[in-house]
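Below are structures written as structure tokens.
Shared between the two complexes below is subunit A, which has subunit B as its partner in the first and subunit C in the second.
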Partner chain A sequence: MEELSFLEKLHNLQDTYGYIPEREISNLAEEADISRAKVFGVISFYSMFYTEPTGKYIVRICDSLSCYVNDSEDLVKAVQDYLEIEDGETSKDKKFSLEVVECLGHCGEGPVMMINNKTFTQLNEKKALNILKECK
Partner chain B sequence: MGERQLLKKEATTDITEHNFSALEKALTMEGAEVVKEIKEAGLKGRGGAGFPTGLKWELALAEEADDKYLICNADEAETGTFKDRYLMENVPFKVLEGIIIAAYAVGANKGYIYIRGEYSKPIKIFTKVLKDAYDEGLLGASILDSDFNFDLRLIKGAGAYICGEETALLNSIEGKRGKSRTKPPYPIQSGLFGQPTVVNNVETLTSAREIIDLGAEEYGALGTEESKGTKLVCLSGDISKPGVYEVEFGELTIREIIEELGQGVKNDEQLKFIIPGGASTSIIPAEKMDVDYSYEAIAEIGSSLGSGAIIVLDDTHSLLDLMVNVSRFFMDETCGTCFPCKDGNKQLNYLLKKAVQKGGFTKKEIELIRSIGETIILSARCGLGQTSSNFINSIFDNYQAEVLQRGNEDAEN
Partner chain C sequence: MPKIKIDGEELEVELGTTILEAAKEVQVNIPTLCYLEELSVYGGCRLCVVEIEGEKNLKPACATEIAEGMEIKTHSEKVRRVRKNIFELIISSHNIGCELNCLDCSWNISCELKEIAELIEIDQSRLDSINERYDDDNSSHAVVRKMNKCIDCTRCVRKCEEIQGVGIFTKANRGPETLITTFKNKGMGNVECANCGQCIHACPTGALHESYHYNSVWHFLNDDSKFVVVQTAPSVRVALSEGFGEEPGTVATGQMVAALRRLGFDRVFDTNFSADLTIMEEGYELIGRIKEGGKLPMFTSCSPGWIKFIEHFYPEYLPHLSTCKSPQQMLGAVAKSYYAEQHGINVEDMIVVSVMPCTAKKFEASRLEMEDDVDFVLTTRELIRMIKESGLDMMNLAEEKADKMMGASSGAADIFGATGGVMEAALRTAYEVITEEELGKLDFKTLRGLAGIKEAEVEIGELTVKAAVAHGLGNAKELMERIEAGAEYHFVEVMACPGGCVGGGGQPVPTNQETVEKRLNSLYQIDAEKKLRKSHENPEIKAIYEEFLGEPGAKKSHDLLHTHYIPRSI
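And now, the complex of A and B:
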């Protein structure tokens, strides 16, 4: 039970670099004695792992049903306009990445946005933009 | 009438404030006796499928192996569901007790709690819970000075709904893509690393803790014949007072849950329908909501209690837009192994989006969509695909006239 699980290793790399660099994929493959393709396959399966650098702040907005009926799409639009990026894009200054995601598990407090590990609930356009302005 | 609190009671995140009475009691019993209590109390899995927990434990106890695993499934991601988060944030030591009791009952020596990666707060809380529990002798060797040894580790998910499916979860813990496995063999026979494995939902394990604490007789006196005890209900959507409520089965109707606990539809709009157990379950129209909240009563009207996520929808939304939203969820979240689920859900989303553009369906299109849905249900090997078209089909069942394209002759064919 002592050794780190593969998922934990990937989390650590993701947290360290903000993405999982190619040389680390090679290291993991060698360590586990599997192909690099296999490691890449695992990484690409999970939406919280990246193989390309992301923005300093990853902004995730939930657009699943409970948030959707509480106007999450208006929130998405406001954030897109403010950051000037679309879903899945990273801003030119590498500060923000935006992702419209499925259920974040705060369905009673929608609409909901996560910035890195922090969750913000009961948002409206103004609140959300104020939070983004605080991201330095 | 109102809430009936068992699980929600005695909230604390401080180990010195929590009374481990249920665990102490369990450790004085034989594993088989604990299993018998759970069976007698009639506990059903609270994650969505409703499989009898006592039976699962009994089968696992009978397995012989060097290692046996107990996994707490905290990969809560069904749309509308946030009850397991509530438990982990408010009564984490009850969750922990449930895990240890289950492990003891089935004879598991190793365990994992798999928490979805987006749940930062529960992850933080449980990291400390595990540390405190090891320090206090509640985990590791000779738990509470008994001869029971059990190690528990936390695994953080990484953003994949499918990993809440038990066999996908096993692959994920093993460091693989979170694809579901073909059953049989069931995890009880060959689960994590090929060893016998019990996977239980957070609320299931916490309920097991309450059963041991109260005794099967007292717990089983709550609820109905087929649905015993209490259930956490998550109210969300167009509702005045959303949140997690604990109800005794059979005590309230769905309408009462919405009107009395949730204070009715918000902004005084008209209720259209509810989804009783997350996006994987069939809708219940407003006029059928005077039904008791129990597994059997909801099954009788053609839906499922699911995870307990009641999503309330008023009549201001476009049904077509709601269908697109739900279909996108399954398109995004399929693991991609079974071709009909991978491609079928994509096709459904495409056809639904097309219908939005032209303002409705022709009857032929409805037939096609139903046929694709049917194919997915029949051929998908796990619960995701098998339930992914419930919402869409149930909209057609109840509101077909409303979603037909108007002014198009073809619509009548």
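And now, the complex of A and C:
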């Protein structure tokens, strides 16, 4: 089998655990003969790798320019109030993690929210909260 | 060889030479910041940019190799302007505002940023400095990190990884959020840091300094109810004077003792005494292991950086470590027993301070296995601060001698501060103890010098002792790999810092190959000039065994002078 690249290995770990656990970082470091600090450095460069467990649903809301002019600020506020968490936090029941992010690539259809791998466009507060309520 | 021109000077240089190196050949020093000769080239700070005829963009001199016909300008109008702009950007990320004043900076007398500002004639700083308001990292017993002063030059990252082979630092995140940090931001005290403090010597800005004990020491010096004793490591006496403008390697043993008395220490002892004591204990331990088939090779245990390193990275080799405490801990242990008993001093009232070239000694003194031995550890730099604060003109003080009972030492103890020195000292004693003959030639030249790993075979009677010596943890790692691959030795000496303790993380700035070599030569000079050059002939050592300890390795010695180690994970 072809040797996986370092990033592919990180993706596999992220997909398997939902985050990259410490012991796996140490294993990777040993395999590659680099320090675990360095592996952490690589992981931290990419915003979609996590070193701590996240919620079942990762909610990402864009607040880049075109979403912002379409009231993403209010959307963020509404979602924060509903989930009772701030940007970068995970809800107590470990169901949701919230991230305010830069550009999700749908600038013509803002404001935009992504839940795990699914993208929702042209949102307003009501639509967004309904989508969140559907997350079981 | 390619012909090039630097600032109009023609020269021929070998292919592969960088512009920075080539410029030195025509006596041009291009200013650098993230570049350090001993480390890999990073090329991140861009301060060393130069103009190359026919090329649009300026190029970093440290990371650009010369090519045939290159015409380089190192201080054209464009270069001078861009260099200043770059420097302004760099210092805007280093919080230099009133909140983080230069006056209280650990690097206030040796700031590279100030030096560069002078070199490139900076005449304005138009940008407000960014204060990220990072918390200081106080998690380590040895080293403090002040991230608001960090300029992301990565010199500490590379030093830790390339010279020390440990690699606790990394560059994390991206863009403006880029940050030098430890694994998962755990802090230096919670990762596999050896506490060697070499990162401090790499840092240009004072973002790293030792965990200070000097304020506590001042406090107890002013408390009349306490009996405060001090001990000084071999390497301090050949480096302390640098803080007072002397040439590196200037010996100031007598002046140092006088200054310590004037600071108010009740007794001034010499860690050299306990270095001799270490040789007795460690020498007998080695002889015992060889004769009785104990774990070999035996590893020295004087360097607390090395101890922490092996605990993290080679825990399966812990039984190979000598069980002897380091000289610092031994002196503390006998000061609070032997000396206190003989002089009727209440141990509760005794404060033991040590002056060490080392940051890891601060961690060592706090180890639970022996936390009562030494109360505070000052680095050489901290002692310089204290002497300066006291107003003493140290170099003009009349020389004094350390206090009796624990103040005399052999030349063998002085060379503890040099890589190979502990090995040499041990062999001098082991030879005479085993063969019961006088050792003719005391100098073991093969064990001296700055080669990364030194190996020697020494005939002791019918036994050939195979010895290996490494300094700097990167070299230690290589030696451990040799041992894992089957290399056989009886005795292995490892010092965590390049050059041994003379190059320790607590030594004056700059600590580099040049200063390390000068300090090292002075230690060998002190040894050569001493009449007493073998630990077992030290009369005070003889006395402590006769009056107090009994035999080396006996019950009392074992309780006071030996310790154990802890396997630690990574």
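Here are some notes:
Everything that follows uses one rule, which is that the second predicted complex is superposed on the first by the 135 of 136 C-alpha atoms of A that agree within 3 Å, B and C clash if a C-alpha of one lies under 4 Å from a C-alpha of the other, contacts with A are read in each partner's own complex, and residues count from 1 in each chain.
Criterion: a residue touches a chain if its C-beta (ideal position, glycine included) is under 8 Å from a C-beta of that chain, and two chains touch if they have at least 3 such contacts.
The shown structure was predicted, so the numbers you read here are calculated from the model rather than taken from an experiment.
Judged by the touch definition given at the top, the superposed model places A:R36 against subunit C, while subunit B stays out of reach. Legend: residue contacts after superposition of the two complexes on their common chain; A:T51 is shown touching subunit C, with no touch to subunit B.
Once chain A of one complex is fitted onto chain A of the other, the partner contacts of A:C107 are limited to subunit B, with no touch recorded for subunit C. By the touch criterion defined above, A:N117 lies against subunit B but remains apart from subunit C after alignment on the C-alpha atoms of chain A.
Number of subunit A residues touched is higher for B, counting subunit B against subunit C. Residue overlap on subunit A between its contacts with subunit B in one complex and with subunit C in the other: 41, 45, 47. For subunit B in complex with subunit A, the residues that touch the partner chain are 76-82, 85, 110, 116-121, 151, 153, 155-161, 172-178, 234-238, 242-244, 275, 279, 309, 311, 313, 317, 322, 325-326, 329, 332-333, 335.
Here subunit C touches subunit A in the complex through residues 161, 166-174, 181-184, 191, 570, going by the rule given at the top. Subunit A makes touch with subunit B in their complex at residues 1, 5-8, 10-11, 32, 41-42, 45-49, 60, 63-66, 68-70, 101-110, 114, 117-119. Those residues of subunit A that touch subunit C in the complex are listed here as 22, 25-26, 34-38, 40-41, 44-45, 47, 51.
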